[in-house]
Structure formats: C-alpha cells, structure tokens
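Multiple structures are listed underneath, in structure tokens.
Two complexes come next, and they have one chain in common, chain A, joined by chain B in the first and chain C in the second.
Right after this comes the complex of A and B.
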C-alpha cells in the first residue's frame, strides 16, 4: 500500500493527467475523501483520481484554481481568478461535483 | 513623398524610377505580390499544360471578340480621366496626412529620427488599395471590396467588414477593462466578506463561476444541466442585479425541474407566468418575489398545469382576488404543505384563511407577514391545522392575547418554529403558554414587544423541558418610556435575569442570537454569560446592537466564549472601542472604530487578539 505522497495525479475523461500538490488538491472535499486512506477508496491506494465527467480543459482550470486558492490562503483583497466565459458552465458543473458545500451554505432558509 | 526626404539617414541608392513610382502611388511590392499570387493560382494548371494555355491565349487574342478600336479609345480616355481625378484626391490626402506629423515634431523634437524612419518605412509598405478595388482580408483571407471605411488589421493589411467589426469590438472591450475603478472593487470584496461569500482568502470556484455566468448572462444561450442549487443561486444573483427580465427567465425554464425560484419577478408579465407553468408542469415549489403582475389568469393556468404544487411562496401578489384564493386552496387541497405570503393588501381575508384550513389539512408551514386584511379570526383558524410545525406571523391588526395563547396551547406540542413579530400587546401569558406547551421548538422569534416582563422570560427558560434552541431572536423587547430610559424597577422586556436563563437553557446548541435593542440587560449579565470559560460551541451569529451596556471586555469575552463565531453585529455600542478582531470573524457597526464600520480579522487568533486589546487598554 502506497503511503501519502506529496503529489497526487488527477486524470480527466479524455486521458490528460495532472500532477498536483496533495495539499492543494484537498481543497475539494470530494478529492480529500477520495484520497483519505481512512475511507479505503482505490484512489487512496494509487494516489490517482479519475474523473469520467470532467474533461482535460476543465480539469486544467480546476488544478489552476487549486494553486490559486492555496497561494491566496488567508490573504486580503484577492483578485478573482480569470477563466474564459465559454468554460464557465462546464466549470460550474465540475465545481459543484468537487465541492458542494458552498451551495448548501447558500441554500434556502426555511421561515 | 520622396525617399530623399529621409534626412541624415543612410540608405542604399534609389533610382529616379523608384521615386517616380512612389510619387504616383505605384508600389513595386504590391505588383510583385499580385504577380506571385496569380502565378501560384495558375501554377498547378500551368504545369499540366503550359503549352495548351499559351495556344489558347493566342487564339483568344486573335478572336473577333476584340472590341472596336474607337470604343476602346473612348474607354481609355474615360479611364485616364478617372485615374487623374483619383491621383488629385490622393495628393490632397497626402498633404493632409503630412501636416499631422509636423505638428508632432514641434511638440517633441527628440522623435525626429523615428518619424523620418516611419515615413521611409511607409513608402516601402504596400499602398492602401483604392476604394472599389478587391483585396484579400488579412484575417480570414476572403476576397472583399475595399471601402473608405475598411479597417486596417494588426499587420497593416486591410480587413473585410465582419473581421473589422470584430476588431473594433475587441478594442472597445479592452478599453473598458482598463478603465475600471480600483477603490470600488475593494469595497465589494469587504462587502462580500460580510455577506459570508468570501471568508478570507480566495472565493470558492463555484462562486467565481456563478458570478462569471451572471456577469455574461446576455451571451448565455442556455444553462444546460446545471444542478438545481446552482440554478437557484444564479436566479438569486439575477434578481439582485435586476436583470430577471422575460428574456433571462427563459434560461431558467427546463422541463425536468421541480422548483421555480424568482426572488424578483417585477419585470415578468402575465404571459411569462403562463410560459413558466407551461414549461415546468412538474413544478412542486414556486417562489415568486414582487409578483405584482401575477393575475388570476396566471393562477388559473397554474392550477390547470401544475397539479403537484406543494410549496407556494408569494410576495406582493396583489392582483390575485379573493375568489381565486378560495379556488387555489380548494384545488390544491391536501397537497399543499408550505404556504408563505407577504405584503398582501388588496385581498386575502380571514374567510380565505378559514377556507384554507378546511381544504389543506397537510399544511405544515405557514407564514403570513403584513397581510393587511388578516386579523383575529385568521389566527384563531390556524389552530385547526393538524400538521402545523412551522408558524410565522406578523399581523397588523390587533390580536387578543387569549387567541394567541389558544393557538399555542393547541399546536404548541409539535411546533418546530414559532415566530411572532410585532405582537406589541402579547403579555406574560403568551410566554407562559410557550413554556407549558412547546416541547420541540428549535427556532423562536418573539420581537418588538414592550409588554412581557423580564420575570416571564426568566420563567420561560427556567426548567423548560424543550431541548436547547438553535435560533433565538428576541430583538427590541424593552420598555419604551422617554421619561424613564432605564425602565421600571421590575424590568420590562428581556433583561439581565431573563438573558442569563436564556443562555443557560439554550447555550449548548444556539447558533443564531439576536438581542438587539434589549437595552435593560446589565453589564454584569453580559460578563457572566460571556466570561471566557463558559463556551457556546455552535454560536455563529450574534447581534448585540444598541445594548448600550456592552463594552470592550464583553466583546473580548464573546470572542473567547464562541469558538465558532463568524459575525458579531454591534451598532450603537458606544462603550466598545479599540477592538482587535481575530481571524475569520466579522465585526460590524462599532461606532467608535477608528477606520472602518466593518472590521474583519486577518491572521490573528483569539488569544493574540485579546492580548493586544489588553495592551491597548493598559
């Protein structure tokens, strides 16, 4: 069984793989759980996550975001990351898949 | 435009012919380019049968289609005249263009050399083709007719009309992006933080995407399979930016949806409501804010199409008549589970509520706020709803306390939420009824009341078998007497002992606490409750505005006692000063904060912040 490596690999649906810092990738709760040995998923053994619903173009942006987030952790007045408009809808789906906490937080408040 | 004007620059020899050609706007480079292009087009055929082509050319030359020599001469004179006129125009234009660089030179002599060089370079560049000529677009290489308005491309060639338009658009956008004010943006970041959108560091990816989509909503054709929560968030942002117009609404209509949420439907017209119900027949939840153009016809169509409606929330739907409300409740009947109505002035009377109670026994959540025609009878009728769990009322007319007490004693046992706003005459007996009947309350709001006494609050929260509450809002419960600002001896409203009892009862699970304007709570009570040792693990949001006894040490105590705190609102607390805000907490409204009304902690934890505050105080 592989130990926790410094880098992990994220593979897109069209076969592109991105090697990113584990500390950056676990910004996404979904990826964090996938890679946590406590849950015993196959991903945690190989340190590789396959995403059948995210293509290379989008996953590249997601990885860029991970590093952008890590770089600006705790900083004030962070400028928004830029990405092409045409990617935003696909990115929204990927972001929702990888991190759904935000929407629940902003969700409907009853009475 | 002579090459010899190059001044003191050294250049290779230039023949008189070159000068002449340049003066007459004939460019050797263009002639060569055109020739080469023609050759490359002809080449493949030419290699196949060059001899054949030559023979053909000879034949055509000898053919009788050659025009009459007289006619030819006439055409030639016409052509010459035209070219003469063109040349004159050209010279005039050249003169005009020469004037501008001269002016420039006067301003700045140092760029003398550069100008001279540019002029020289211009000469060697391809001449701009005259209007009417054909040219190949630099970007898409399509052939097009040159006009005086043809735009120049990035490499100096001309562009066809569509490409030219694109270029102008891009340039405009760049200009716009460059001229955005910086200050406003920073304020936005602060404001977002206080809204809880960005809590230090970068925004979430989802938030970024949603904002981007909302900003470019006009270019979006459809949202595709965007998940429902994201769609709702988008709808919220569209409403906030006031762009939820009929065209934008279409983006949100999808046959497979069950929810429709539009918080600002003021722009939507009768036919938009029809379309909404036509496209989403499976609708179960409908939320419409500012539904001022929703008429009887719209509701009628909804009843016809959406048979499965369970959740109805309308705000200011004033064109719906009483008759239609009756029909709505009769037809939806037992399916309806949630009903929230706000700001109804013209219709919706007590009789309608009585009808609703009869027809919709499965209602578990009812909210009536500022419905002007509702009164005592409606409140009494609600007691007959067997499944009522969440109840929110703000009734403008006078409601006798006994009616309220009856309602609480019949429905109290299963109530999860009880919100009674602005029942100014509700007295101790209402609190007593809550104490004796409610066993499952999680959320309690009892606000803007100056009748109930501190003793009643204390009694409510002492030995109450109800589990700790998650949400308490008891704002503005205080005595109002301008001649006696400290209130009577026996305190009216939530005061010290009531506050102590409340926190002792609910502190363990409490998430949201609003005690704004409860100004009879003494400093000692605050010190006891937030003493730093007693911990309130879930408390995230506190509003202590206008509790004028609160001072800096209370705020420090709150920071220490509430590890999960996100937001502390303290408008009008004049004894609070020199607060150092720890990480991830937003402090809003402190009037004597030196620099900002909104303070947001960065990088310092609670211990360090309190340490610094002590230093400042000493």
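Right after this comes the complex of A and C.
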C-alpha cells in the first residue's frame, strides 16, 4: 500500500492513534518527508507515523493545530487557539521536533 | 523559564536519556547503507530522525556531520567509483588518452562504450542525489542546527555531499596515472557531440543529464557561480574543439562547394549549434558557441566567401538573390556594419560602373574611325557622319540608361537580399555617385538623356511613365557633383529645344524644371525659368505684332508672316547656335535681306521700340527658320507641284535669290555671298543641304561634287521631284548632340570662368561676414558653400584668392601664426 491515501495515521508514544488529513499533517516538514513516497521509508509504505517521544496528549493538540492551521491559513484576525498552559513546554518541544516552526508563532509563543 | 518540578515527569517523552554516540551512529550508518542500496522501505524515518535529533541535542552535531561525510566519501570511493571505472572500456581509454582515439576505434564501438559510461555516471549521480536528499532529510534536525553550520563555516551536508561526489568521483583517476574521470567525461561528451555533428544519432538526454550534473557542481565548496564545473571543466574544451572543427569545416566547404551552399551550410550549423545547446548541453553556452561558429564560419571566412568563384560577384551576375540574402544574413550576424560585404558590393558596383563608362567612351570614340575607313562615295560618308552624331547621342543615352539600370538592379538586390539595410544603402549611393562622377562627360550625357526624352522618348507615354522617366533623370542628377556644368549643358539643350520647337510637351519641360527646383534649389533653375518666360513673352509679342500689322491694313496675301522670339541675352546660351567660338558678329549684322523681308524686320523693330523703349534688338538670323511655298514644274511624275519648304533663314535667303533668275542662269558661290553677305562657312553648309542632300536638292551644283568650293556654280533645279508635300531642309547642327572636342574645351573654359566667379563671390561673401579668417578655414568654408553647385579645385580657390588680393578685396595678415586673410571693405 504505497499509494498516497487521503488520511494518514499518527501514533503517539503511549499508543494513541490519530487519523488526520494528509494535507493537514504535512504542515510539519518532518512528517511530510516521512510520508514522501519518493524516499520509500517504512512510514510512506504504511501511511503511519510512530512518534516515540510524543505522548497522546501532546500529539492530540498537535493534530488540532494542523487542522486549525489549515482552516485559517492566510486569514486575518484569527483568534488564538486554546491550549492548556501546563502542556506549553512539551508542545514547544514537539513543535521543534516536528519542525513546525510556525507552531511557536501561531499558538505557543507566549508561554 | 522555570518549570514546576512536578511537571517535569510529563516531559519524559521528549526527555532524552543519555545517548551513546557510537551506538546511535552505528544505527544510522547501517540505515544509510540500506538507503544507498535502495532498501529504505525497511527503515523508519522517524527512528532515524529521532536518533539524529538525540545526537544533535547532545551537542554531537559536528561529530555527526563528519561521520556522515566520511561515510559518504568511503561509499563513493569504493562502490560508486569502481562501478564507473569499470565502464571505461578500451575504446574509451583510447579516446581519453590520446588524440588518435578517434581513428583507432570504430564509431559504433565508441558510441556504445561512451553511452554506457555516461549512463552509469548519470545513474550514479542521480542515485547520489536521491540518497543525499534522503540523508539530509533524515538529518534535518542537524541541518536545521544553523548555529553549528554557520559558526563552523562548513557547507551544508548536502553541498558537502555534492562536493564529495566531485572529489571522489570526478576528480579521481580511472587507474593510477590514468585520466581524471571528469576529463574522461568531457572527452566522451565531445566525442558524442562530434558524432552528432557528423550526422549520427546520439542520446541527447544522456548527455544533457551529465551536463546538468556538471552545472550542479562547483570547483570548491563555496559554490561560487562562476566556478561551476561546467564552466571550468567542460565549456572551454567544448568551445575549443568546436572552433577547431568549424575552422576545418569552413575551409573544406570553401574548397569543395559554392558560396550559396556555404551560406546555407553555415546557417544550418549555427542553428544546429543553438539547438544542440538547448537539447544536449546547456543554454548558457548558446551565445558562446554561436560566437565561435560565427567566428570560424563567418568572420574569418567572409572575405574568402565573398571572393569565391561562386561568391558575391557570381551571385550578382546571376541574380542569385536568395544566396545574396544568405551572405547578407551571415555577415549581419557578425558585423552590424557588414564591412566585407559592403566593400565587395562597392567594388562590384564600381567595376560595373567603370565598364559602363568605358563602353560609353568606346562607343563615342569608335564611329569616327569607322567613318574614316569608309570613304567610298559621298552618300555613305554623309550617312556616316550622321551616324556618328547619332552614335554619340546613342552612347550618351545608353550610358545614362546603363547607369540607371545599374542603380535599379542594385536597388532591387538591396531591397530583396539586403533587407533594405541602411549601411549598404549609403555605400551603394556613394559608389553610384562615384561611377557617375568618374565619368568626365556625365553632366553632358545626363542633359542629353533628358533632351532625347523630351524630343522623342516621352511620345506615346502615359503621364506616369513620363513622370518616372523624369524621376530617373533627377536621380542621376542627385548623384552628380558638377551641377554647374550640367546647368550649362541643360540650358544649351533646352534652348535648342525651345527655339526649334523640338520639345514634345512644354508642360513636361516645366514639370522637369519644377522637379529640378525641388531637388537642386531655386537658384539653379532661375535662368531656366527665365527662358520659359521669354518664350511666353515672345508669343504675346508675335501675336501683338500680327494684330498691329493687321490694324495698319497691310494685310495682303503676299505679306510675309513673322514669328519672333525675343530672348534676354544673359539667360540664353546663344553660342550654342554659333560655330564653335568663331567671332561672327559682323557676319550677322551685315546680312542683306531682300526687300520684303527687310520691311518686316524694320517693321517689327519699330513696333518693339514703341513698346519697350531703350532696348536693343539684335537679330539672330542664324537661329531662324522660314516656311516657303515653291513650285517645281516636274515634281509629281513630270507635272508641277507646290511644296512647302521649311529651311533656315540662310537657306531662304539663298533660295529667294533664284526667284529672280531664269532657270538656266547660274549663280556662283561668290555671287551668292556678295548678294546675301552670309558668312562663308554658314553659306557652304546651307548650300550643301540645298544642292547636295538628295531629298532637298532644290539647286543643281556644277561641278557635281560633295564639297562646296570657290567658283562652284548653282542652278535652279528644274527636275526636282518629290512625293512629299512638306519638305524640311535639314538644318545642319540643329540637333542636340555630343559636343566635339573643340566645343568641349570651349564649354570647359567657360565653365571654369563661371566657376571662378562663383568662387570669388563665395570667398568675398564669407570674408565680408567674418572680416578675418585663416587660409585653411576659408578654403573649407568655400568648399561647403559651393558644394551644392560643384566641387571646386583647391588650386583654383587659391588662384581666386590671389586675384582678390591683387584687386584689394582681401589682404594677408602679416604676423598671424597661421596664414590668414583680412577683408578690406
């Protein structure tokens, strides 16, 4: 199943699976490359990415952000996304890991 | 940022435990090997990514970087290089090691081997690219670590890997002391291109891919744009071999084919090379290779091409317009001024012009000798003389027509083949002007051309055609330098046309004048227009006189009609009617008229004096003509018939003498002269046409010979017979023809005199304005002022200045640093 599916599965370190739109997920360059069929890594074969260092709580928020971003892309005066303050640091680290640089700016910048 | 302690355990997911660099690297290295052997599907990107991430977080990024580089170097130098070197088979070795390679192996062998080599290299390069892309992505976290990269001034890992490919593959040798692979590559590509040029099929994409690789690599890791391997290791050699190839090819083509083919071939080659750049190598080279081909096939060969047997001369001779166009196009590519072609064209025009000039000289010089040889019988000689006159005119007409045809021809070539190029147009104009001005009699011939057209040529022509003819005449005039000489001739010719009513249409004459006015300016046509005015005034005058006579009631049938032209002596070149320069003032004034004519003459003089007091009329009897009625008893098959005779005034005077005589009563030459007082030469000429010419032999001469000698006797010709009612007695020297040498000298002398005046006038005008001026400046200004009329001789100007100084118009400034003059008011 090497074909590009519409949805991809993101799996957290504690075993939670998130099925998200591929177009939303590839907001992260790291995820985009993992799933790139041209390289043919295991992730692109199964359309599933396992994240050994991101737990379900954080990954959920990350997925939420992917959609939030896709929805409001290019729009002005968008209300900031809500997130629990106690997740801040982990979110920043996850963002850094996934290279979603914009994540810092869009939602997590004012920790 | 201080985090509450209790929350720290939440981060254990991202909290990196101690990482053993060697183990982690071991995992990565093994994975990289898998990637290079195309087994990536077994690997988890995330795992590799995470490992690299850990190493970087542990600040071991630099170590990782070097490890990766080492790994790549090892991989390239062992696996990849071996594979490529294996494809360098003997045919390629021969090719790369010596220049004889092309001879020692067959093309097919070399092509297959070359393609194999290129394919392997391309494949390796592409694989390397893909793998490195994957590696860099996996190591994204390291790459992202900008602090590290910029701080240590290291190229990005991707660039580093590309550099490694260059160092480990292209800069390695196929075997110890062998050839560098890059050099092999260049030679193989060049060899393939050579095959392409020889018309064999090659795999363009393969080469393009390799060239693309060279374009993607740089001399050093700094990646300076000018230091692309392509520019350093390929392009110069490519241009060099191409130059050598085309140099040879050009020489071969020049030797083996004709110029037309050469042009086509050159054009094809240029297009082919630019196509090649697009399809096989790099667009960046297009302009450079074009320049090389242009240099070798055009710039260095243009001269040879033009001078080929089948070169420009041949093309023009045979109207090969398309080929000429090709030559032009080629030359235009390399030289916006088209120097060589222009030079060649100018030379051809001048040669052709010279030929025309020479033909004209030969034709005009030939008849006299021909006539001299054939002196058998007076008829023939007479005809010969007539032919001679004719021949001269014909030569003149032919000359003008030839020149026009020449211009026409080159104009059409210019339009069709030379794309109406401005530079060539200028050169053409100049060379045609040179042709016209190189011919000594051009002024006279052009005027004769107009004369001939006015008299005969424009008959049966539509207005448009007439206009075209006039336009042509004006065109030659435009090129003419000595316009003043032309004016002299034109005046002379016009004068004869007007007075002898030879002109077909006065309207056309006026049209011509107005064209000249437009072309040459007002002052040029002033006198010509005055001539027309005199003609109109004279018509009124004649009418007025006729009315005046009728009023006086003298109108009887036998009265002689008078038609008169009163000419202003300054504007009309009356010497045109005189014998060459002879002084005949007394001969004219003392002419003896019979009573009836004398009455008319005095009658008109009185009439004129009443009308315009204070003017003096001088009778130009030598220019007049007369209509007479004469009856010959046996003219029409033995029966009497009355003829209308038109002859010169002199002829009339002579014939009138015989009215009072019996038919058998002779008059001797001397008697006629005393009775008429006609100058001897004129008398002889007129008697010749009345007594010798077969069709107008109203008189019989004794003895019957051609020459009129003293003591000859003339009788009324009782036996004259002619079917024609109106007989025109040929007026000797009435037509406009080419001047004899004597006349020419006369004209020249006159012309020099008038130029002298013109120069003096110009000098005085300039000096009056400037007060003092250096010699050199004065000369230049004079030349400029006079350029519209003629090109004065500098010596002549000097003489005129001398003369002005003598007459105290000017004086030399004694102590001036350069010779200068001062105007003396």
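Following the convention adopted for this analysis, the second predicted complex is superposed on the first by the 98 of 111 C-alpha atoms of A that agree within 3 Å, B and C clash if a C-alpha of one lies under 4 Å from a C-alpha of the other, contacts with A are read in each partner's own complex, and residues count from 1 in each chain.
Rule of thumb we're sticking to: contacts are C-beta pairs under 8 Å (C-beta built on N, C-alpha and C of every residue); 3 or more make two chains touch, one makes a residue touch a chain.
The structure presented is a predicted model; accordingly, all values stated were derived computationally and were not measured.
When the two complexes are overlaid on their common chain A, residue A:80 makes contact with chain B while staying clear of chain C. Using the contact criterion defined above for the overlaid structures, shared-chain residue A:24 touches neither chain B nor chain C, since it reaches no partner.
In the superposition on chain A, A:93 makes contact with both chain B and chain C. In the superposed model, A:10 makes contact with neither chain B nor chain C. Looking at the shared chain after the overlay, A:69 reaches chain B, while chain C stays out of its contact range. Touched by chain B in one complex and by chain C in the other are residues 89, 93, 99, 111 of chain A. If you check the complex, the residues on chain B that touch chain A are 186, 189, 196, 198, 200-213, 216, 219-220, 223-227, 229-230, 232-233, 236, 261, 340, 365, 367, 390, 392, 417, 419, 443, 583, 602-603. Contacts from chain A toward chain B in the complex involve residues 62, 65, 68-69, 72-78, 80-81, 83, 85, 88-89, 91-93, 95-96, 98-100, 102-108, 110-111.
Those residues of chain A that touch chain C in the shared complex are 13, 29-30, 33-34, 36, 38-45, 49-55, 58, 86, 89-90, 93-94, 97, 99, 111.
Residues 1, 3, 7, 10-11, 13-14, 16, 40-47, 49-50, 53, 130, 133-134, 137, 140-141, 144 of chain C are the ones that touch chain A when the two sit in their complex.
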